[in-house]
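First chain A sits with chain B, and in the next complex the same chain sits with chain C.
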Partner chain A sequence: MKCTKCGGKAVISVLQHHLGLCKEHYLEWVPGQVARAIQKYRMFAKTDRILAAVSGGKDSLSLWDILHRLGYQVDGLYICLGIDGGVNYSNESQRLSQQFAAQHGLTLHVVDIPQVYGESIPQIASRTFRGRGAPCSVCGLAKRHEMNRLARDLGYDVLVTGHNLDDEAAVLFSNTLRWAGGFLARQGPVLEADQPGLARKAKPLCRMYERDMTAYALLRGIEYIYDECPYALGATSIYYKELLNKLESDQPGAKLNFYLSFLQAKEGGLFAPQADPDRAQMHPCPSCGQSTTAEGLCSFCRMMGGES
Partner chain B sequence: MKCTKCGGKAVISVLQHHLGLCKEHYLEWVPGQVARAIQKYRMFAKTDRILAAVSGGKDSLSLWDILHRLGYQVDGLYICLGIDGGVNYSNESQRLSQQFAAQHGLTLHVVDIPQVYGESIPQIASRTFRGRGAPCSVCGLAKRHEMNRLARDLGYDVLVTGHNLDDEAAVLFSNTLRWAGGFLARQGPVLEADQPGLARKAKPLCRMYERDMTAYALLRGIEYIYDECPYALGATSIYYKELLNKLESDQPGAKLNFYLSFLQAKEGGLFAPQADPDRAQMHPCPSCGQSTTAEGLCSFCRMMGGES
Partner chain C sequence: MTDWQPVKIITRGKEYEVRPGMAVKHALEKINILPESVIVTRNGELITEDELLAPGDVLKLVMVISGG
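Entry: the complex of A and B
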């Protein structure tokens, strides 16, 4: 196969776009695609101060790399969760994030959950859920809270995350299977900061297949953590990803169509304004100031206050 | 396993309801479930004249059987499509429908497409699509047209079809994968006759798993056509059914939840009124009088007028 751009030897085939690309043009094509998504969904401008949440994985480090190359002002935020899981997962992912920042002369903020709150994510989980299931919901809650807190306290205009198309399609699939109106109405490439204490959020990789991001990280020579979080094994989101991968292999492009037609339908007014009742009922948490739908304290502050 | 109702020997296990049932109580349970759906979705009353579209398959014949047993006034409509496919599919399905009607002393209307229109479905398909793919879209169009025509001409209050949960979930899945707003806004257990020339339609089996309907037909001793339509092989709807079956076997109840949460979200106002623009733009076809979104003649009349 030849590179569609230069006729040289292609190293990768981008199935859904019927492209063959050499290394050089692939490393040019991916940032180009990301730039188009940023523009199409009006994510942010060159004048904005951007905070990229990085985990040490291929998606978030590649996102940081791409935004930096595209000329955006983007700093990193690493949240240390205190997860060991036999592979020293948190240590290794922090080391790789710091290494990336140092190599590129970029600023990385580090929030160490065990240091700040006196407990690691698994410790909080075992205290609050008493061993019931994996600590994923605790982790999601804590990360969301810390990302909002840091983005706001450090004065960033927008927080970006490395969610790729596979992530977004799996979440959409999960929300669709149970027709979760509020989640459907809110899901999208941009979440506006229309509530007190919450950062504006954007997902510049939302149209990029996971396999394409893996290829980008490898070809760009980004060193990232290969291991999944040890707690992710058996997660429903991974099951939905597998189901969508089956669909994708039988109907190439199905995953992208599923996500893009959803965005288009939403943009076209498919959902009624009252489809997201949660957002309308939000109020600032009296402790941390972040908007919440809960009565009184937000879920994070309740969790850290020792309630189960 | 014992029957949950009488303690006798169970012959079937209804997984999603955690029930074991003996033959007698299973044959009582299914009509009970159907009666609840009829009531819940306000499908029709005992005073209504009902026309059941029957194909000779397990679902439609069981539906006819159940409605008759529940005391509804229900006649049958068989549409002969002129499909042979090596198994004499149309002949055999007509014979079984007529046999069922005769055994139960019920009225069956028969519309013979080749006699009325001079061409069988495969003939129309080969003329209009010139061999491109299976004649399924031609068949769907013709059946919908004839069902509306007969229900209206013969003065029935409502037309019922044997679509089961697996059918409905597969259609919903297909509409969701491409976020087809109009189809999503319209899909449901009842379609009101709010447009000229279109019959009121209801699907009393919409909450019944296909496997439960097969068991009903077998235990009730209904003789039905086992063969799928020879053209259905490889149809996308069958592919989606298989995907949903995989989901169901990994997460029992997922199929029912998917469909019921959709109906609930819709009822709760998830979709905006403008989500179904097609329905607002309908007008009666100048030839047959059935409402259509097409300019001028409806798709059926155009097809029969020789356009391709």
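Entry: the complex of A and C
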């Protein structure tokens, strides 16, 4: 296969865009695509202060790399979850995030959950009803809460996460299987900060395939954590991603089309605000100030044992 | 007995062998792996699915999907 741009030897095919690209042109193409998504969905501007949530994985480190290269002011936030799982997961992912920051002269904020709250994610999970079975629900809630808290406390204009198209398509697929109107109404490339205590959020990689981000990290030489979080094993999201990849293999572009046509349908009014009745009842949590639909304390503060 | 050296394909904790002479895409089909779910590397370089495999080639597959 030849590079569509220069005719040299291609190192990767991007079937959903009918492209073959050499290393040089691939490393140029990816940031270009991300820049277009940032503009199209009006995510943020060069004057904004951006906080990137980094996990040490390929997507978030590549996102940080790309935004920095595109000339945005972007700092990192690493949340240490206290997960070992026999692969030293949290320590290793923190080390790789810190290494990336140091190599590029970037600022990384670190929040250590066990240090701040006295318990690791698996410990919180084993003590709470929410955590029965797997700690992922506890983990997701804690990460969301801490990202909001830090983005707001440190005065950032927008929080960005490394969600790629496969992440978004898997969530969309799962929400569609249940016709979860509220979730569908809220899913998108940007979440406005229209509720007290919540930061503005954007997903600049929402149109990039997970495969394309892996290739970017490899070709750019970004060292990322390859081992999965031990609790991800058997996650439904992985199952949905595999299903969608099966579809994609037979119909290149199917994943992208699924997500983009959803956004279009939403723009056209398919998911009216009434689909999301919870939103109308949001109020600030009396303890942390973040908006919640729960009565009284937000789910995070309740999980952590009342007033803090 | 075969007189050719097989192509070795290494992925997370697994190893496969296929016949040389076929394209990467075909080799992945043989071992039941979707091209969409992996990046194929040979000697540390990324290669595309139409690349033909030579005797003795060693491919490493980088898994793409992460969860959680």
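Keep this in mind: the second predicted complex is superposed on the first by the 302 of 308 C-alpha atoms of A that agree within 3 Å, B and C clash if a C-alpha of one lies under 4 Å from a C-alpha of the other, contacts with A are read in each partner's own complex, and residues count from 1 in each chain.
Methods note: contacts are C-beta pairs under 8 Å (C-beta built on N, C-alpha and C of every residue); 3 or more make two chains touch, one makes a residue touch a chain.
Source: prediction; values computed, not measured.
In the superposed model, A:238 lies in contact with chain C only, and not with chain B. Of the two partner chains, chain B is the only one touched by A:257; chain C is not. Set against each other, chain B and chain C touch different numbers of residues in chain A, with C touching more. Residue contacts after overlaying the shared chain place A:271 against chain B, while chain C stays out of touching range.
When the two complexes are overlaid on their common chain A, residue A:246 makes contact with chain B and with chain C alike.
Of the two partner chains, chain C is the only one that A:228 touches; chain B does not reach it. In the superposition on chain A, A:70 contacts neither chain B nor chain C. In the superposition on chain A, the residues of chain A touched by chain B in one structure and by chain C in the other are 246.
Note for the complex: chain A touches chain C at residues 1, 10-13, 20, 23, 57-59, 136, 139, 166, 210-211, 214-215, 218-219, 226, 228-229, 231-233, 235, 237-238, 241-242, 245-246, 248-249. Chain contact summary for the complex, chain C toward chain A: residues 34-39, 41, 45-51, 62, 64-68.
The part of chain B that touches chain A in the complex is made up of residues 176-179, 181, 184, 239, 243, 246-247, 250, 254, 257-258, 261-262, 264-265, 268-275.
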